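Given below, in the form of structure tokens, are the structures.
Next come two complexes, and both contain chain A; in the first it sits with chain B, in the second with chain C.
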Partner chain A sequence: MSDTVNITINGQVVHARIGQSVLQAAQSAGIDVPTLCDHPHLRATGSCRVCLVEIEKQRMLQPACTFPVTEGMVVRTETDKVVEARKFSLQMLFSERNHYCMFCASSGTPETSECELQKLAYRYGLDCFQYPPAWQKEWPVDASRKSFTMDHSRCILCRRCIRACDEIAANHTLGVFQRGAKTMICADDSVTFGQSTCVECGTCLQACPTGALMDKRSSFVGHASECRTVRVTCVGCAVACGLKAMVRGNTVLRLDGDWDEHNAGLLCVKGRFESLRRPENRITKPMIRRDGELVEVGWDEAITYTAGKFKEAQSTAGMISPRFTNETMIAMGAFLNEVLHSDQVTLLHGLVPPLDLEPRAQLKDLEDATCIVVVGEDVLQGQKVLGYLTKRAYDRQASVVVVDDHDTAMDDYATERLHLDAMSRHGPSPFAALKFTYHLSLDGISRLRKILETSERPVVMYGPALSTLVYAALRSLPPHVKFLPLATGSNACGAAQYGIEMREVIADALFVMAGDEPSNGFVLPPASFTVVQAVGHSELTKKADVVLPGRLWTEKRGTIVNIEGRERPVVELTEAPEGIGPDWMPLAMMAAVLGRPGLFATMAQVQNSL
Partner chain B sequence: MAAKVKVASDWLAGCAGCHMSLLDMDERILKLLEVAELRSTPITDLKHPDAGGVDVGILEGCVNNSANEAVCRQMRSRCKVLIALGDCAVFGGVPTMRNACSSAAALQRAYVETESTVNGSIPQHAEIAVMQDARAIDQVVQVDVNIPGCPPSADAIFYVLTELAAGRKPVLKGKLLDWH
Partner chain C sequence: MAWIAEDRRAVSAKSSDQPLLTDAMKKHLEEKYFPRYPTRRAVVLPALHYIQHTYNYLPAQALEELALFLQIAPSEVLDTASFYEEYWLKPKGKYLVSVCRSLSCEVCGSKELEAHLKRKLGIELGQTTGDGRFTLVEVECLGACGTAPVAMVNDVLHENLTVDQLDQVLNSLPADPHDYKDPTVNWELDEH
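Right after this comes the complex of A and B.
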């Protein structure tokens, strides 16, 4: 085959492809070449000089990460000359700044170290600083970002953070300033990170090989080797990114983006950092309001009381947060329909656009899309990872068309803007999100069609609350156009599968599953009896007649469905406090009191089969 | 029977943890004493290395004042092979955190500015050591063997001393090279 070359590495014949670097060829053959500035998800830069190898006929040692393979090349990766040069590069790196391992959270033994510089020093037997470190200059620590710090003493200027910010997050905040020994990583035109355009997605943090960028929450609290790593799903929004959680005992220390999932390592500030915030006033026991005050009671009493109230109510309804799993959605629907004979189930919030637009795109389709259209949603606010992927497309000169009624954060990265008109919906609605429908003019539709017809690989991301005409126009686009529905609730797509969506409900008795919703601000319809199941006290529980405890997302087990239509696992990382069972338990217990114990058995079966 | 290797040790700006780690070799110290003689250490009766010299000198802790410097130079002049024991001796270690501010500023804070001090003054006397920037032993004198670690494992210390007693140059690697 014309694009294969045969090269020899350490005496072993390796079949490489034209365009590969010596490093890539070596790695594909299982040959280990040490690296520092290299990263499997970033373009090679060749700044650290650790991957230097001997290549016959080359005058000097060459960096394997940037040197392209050619037919007949002979490479040696661990000769004395190479090892000498590597040790020298490492000693030079150590001498540049105050790389004292002894008070760094990334430091570890040769097995547990989380610092790639330290691991290389162990590997090459460095037992002292060959050149005294430059402790005369004080390297600053920038702790102005909320969740992670930058200690410039630990920086080796590998530029993995800059490349991560450019190539993965497409935010282009980081760069270098000054020169020579004074070179430093900086944000924008050298302001503190907290003041800069940094969005705290943490991609740089995940890419940093040393202890320069450090996560505040998990520093000095435990090494990766003392933790279990669990692959889990973020429930912050409907993209449902893959996470790798580091859990020590009963505490989640840190979340990293899973490179092997659909988000390919990318996360946003909500998923990586905000999702680990603990609620301030955790509800631990059922409570019944007596004489205006909430009083703690046992589960039996709370359930019997609540079930009784629901039985005698004229009309009943259930409201559920979109953050709950499919299994809990099923339980809610079953409880209302089968036990209370009510068809009133609604999401607390979260809209889903029509899901029948085909073919459905996957996140990887955004990677090589030639055109991305965003209709009626500010993705950089609501589904940030999609926003970052769209900015990446913009960086490689794809067309980005923003179609909206107001300014969005994506406008700066759009090649074209079309205007939506907001039309008031008739009839009152308790939900602000249902007040308007958004319409695109026929001119706009035809312009969109023209753009998409001539684009090779277009993806249209479309929001909820667009007019029927707009959805019809989208459906009639040519078959090479792929679609991503921009649901605005984490598991709103899963809920939609069970017919649960945002609608008005009117009832005497209301069962509200608020769960671990981070915000207040929900307006409940008036009812004579309201039960709120929640993780923490809030405005909602202040007015409730009965309050039941619930589980954090890190304590749940189940599945959710994301905007790709992909089923994603929610896995328990920590144990819930004693007495707080799975989210659907109160429903099953009430069902038993109201003569339907079968519901409990069915839910337990569904749970065990997961 | 070959003559036992004469060993002397001392500590400078250190916490004594490295010497505790040396003691952590437990009963192996008896094997060590078959080939080595501990002439002086901070934890035995004799505190200073023989004026006539020893074979192996061990220093724990970094140099951060004139007294340390004097002890350091004396140990260097009285031994053939000098070992820097522990991260402070090898790298400078924890005391180097003070180098970010000047010695003058550190003394001012400690003796004058601290909240519980009334009418403080920086003590100065011929018999009080003069403070210097904290630095590793090898920035003051030539060091022959480095045993990094905080503290280095007893295994590493035992290995180095027995190798030296056997006339070989110790090379730390694998589990023995660990400065976490």
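Right after this comes the complex of A and C.
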């Protein structure tokens, strides 16, 4: 039996797959059917009645988004009857709340409007309120969330946000309260969004068709049509989600999840909102500490001074944040090895588990995995997107096994819980993360093996710092088990490729590339001379002898490697302040002073070729 | 338009230190209703009835506890509970007097019944008497047009009502509303 059917839409013969809706068939044939509540990445519900079409042998107009195709079906999408019904639906939607477009951030001309409701009103020539809007009632605005607001007056109750919360973020915060004209989108048991279980991943914001959910940063500062949209990579963690950045002039206004990337539109609060916070007290000029005070100097002076100190030093070491691109990692390694003849290069933080466990899983494997095992890492705290994907697996009844030494946020979704034991590792370490190794008992290992053997499409996400025995046990699992290494630190996997890992270093002179690390609290090994390259002042720069300015993640260009082992592009979204070159620039300048002027001649070529 | 973060919940969800959905109630739901339905989620409707039967309304705390017990989101429980008017999210009187306001009943004098009740109880529609004994509401068709006018007192339907008969019904109600049952219904089958 063939799995395609032939249907006729507006006189055009369309081949559709069985199981497709009329809307999907029309869209794949390039026939435009207007929609509001429908979203290509969400389950269709048919609640807005805007996609109504005429289908022969059907008594009434039918919603295209939920009506399945059948052989010989004849559909008309823009007859007078259909247009009349659509106009009526739109009028009803406009009368339900106070849709005064001129006060809304999404409002615009037919070309620039970001509101799907307004666009349809333009398209169908709605020039007045046929029914009075609900101005009698004061619909509240809920601004209790940090990064985006909910204006109930602009809500059309399409329930996209609820479906996004349920189906994409698997957080189940949103629901509806009351019914009929009183219906409102609510969180949990009707508390404000800020008090609720909302994790501010912003998936609902991305799905909202009107201005009901409004981003605090990008509202009222310009339309998307006036901005550049750039596809980039989030450097918040090693998942390296795909982003669509809306950039106006030299400012990134808004980040959305890229539906066509491995994260399929999903982002976390870190990637979507927090990554755009501007750094406080940005460093714009090189500085040298003189009599205890940091004094601004020129690049040449700073570099010559630093190079001299490194030349004198008995031993040298480099520390680099895992947020840097592969190119900068290579430069750091080359500078230390070739110029300073030191093999002491370490990550500032970030651990990478062994990457040789095969086959490597991709994020899409998590979407249809029958069993997900999380070993030694709290994915709902660290790599949140992986946590949401795991919760999605839990929702579709896949088994979720959490293996950890302490309580994790994932425990509530664990169908089975195994315990890791902490074992102390080689001696005291300045890095808290290096103090322990974690071990799973032999009983636990055999239990894990049993679960995985009987599962059809299992994925094991494993953290760093497990005992060698646990890794050995994971390596010997059946070949259908896929592995995802939970590296901490955005480009820690890339760094590992170039042999840069977190380890202890002892040196007289220390070159620290902190970059745009958002947090303080790193412990540096004692050294008589410390250079810190950073974006903003922090605890690190307070103790530094020389401070060099660095670039924000939005000003970088290069590549990073994510936990799937894929190389992901980092593209400049904004221009760096004048005088702040690429991250590897100070290294190249120092190499030149120290007698290796040609060392990074090819680096520029590497950069340009990307 | 108010740019305020409004807490739409009138009272805090937590109203008691003790769980309102007690272990005994959970056990009852487990034994009686879980076997009847394919999923836990499906038990939400009878469970809401059961909680309302126990507390006379649905305390927010009990809804949260129910969500946890049925392994569904609190928003889903509230979604269901707020959809049906027969679920009370705010406390109501021990006896809920529902006067039918549909056409047949109105033709046969439901407005007189309503006016009498308002006068007698000293309350408006939707209000509860000061002693917490009666709540008065009007409802859509109760499906007994042939015997109009009709009114329901809790779960018991009273047909062909006159003002005097209604007085009689209200005056003879037992102290505990759980003792007030329709003699024509086999409660053994349907009891919570």
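To be clear about the criterion, the second predicted complex is superposed on the first by the 609 of 610 C-alpha atoms of A that agree within 3 Å, B and C clash if a C-alpha of one lies under 4 Å from a C-alpha of the other, contacts with A are read in each partner's own complex, and residues count from 1 in each chain.
The definition used in the following text is that a contact is a pair of C-beta atoms (placed from the backbone, for glycine too) under 8 Å apart; a residue touches a chain by one contact, two chains touch by 3 or more.
From a predicted model like this one, the values you see are computed outputs, not experimental measurements.
After superposition onto chain A, the modelled positions of chain B and chain C are compatible, with room for both.
Judged by the touch definition given at the top, the superposed model places A:Leu157 against neither chain B nor chain C.
By the touch criterion defined above, A:Ala331 reaches neither chain B nor chain C. Once the two complexes are overlaid on the shared chain, A:Met590 sits clear of chain B and of chain C alike. Of the two partner chains placed by superposition, only chain C is touched by A:Ala187; chain B is not. Once the two complexes are overlaid on the shared chain, A:Glu138 sits against chain B and chain C alike.
Contact comparison for chain A: of chain B and chain C, C touches the greater number of residues. Legend: residue contacts after superposition of the two complexes on their common chain; A:Gln178 is shown touching chain C, with no touch to chain B. In the superposed pair of complexes, A:Val374 makes contact with neither chain B nor chain C. Least inter-chain distance for chain B and chain C in the combined superposition, rounded to the nearest angstrom, is 5, based on C-alpha atoms. According to the touch criterion, the shared surface of chain A, contacted by chain B in one complex and chain C in the other, consists of residues 98, 138. Taken together, the chain C residues at the contact with chain A in this complex read 1-9, 13, 60, 63-64, 67, 72-79, 82-83. Within the complex, the chain A residues that touch chain B are 98, 100-103, 107-110, 112-113, 122, 125, 127-129, 132-133, 135-136, 138.
Against chain A, the residues of chain B that register as touching in their complex are 84, 87, 90-94, 96-97, 99-100, 133, 135-136, 138-139, 143, 146-148, 150, 171-175, 177-180. Interface residues of chain A, counted against chain C in their complex, comprise 98, 138-144, 153, 172-179, 184, 186-192, 194-195, 197.
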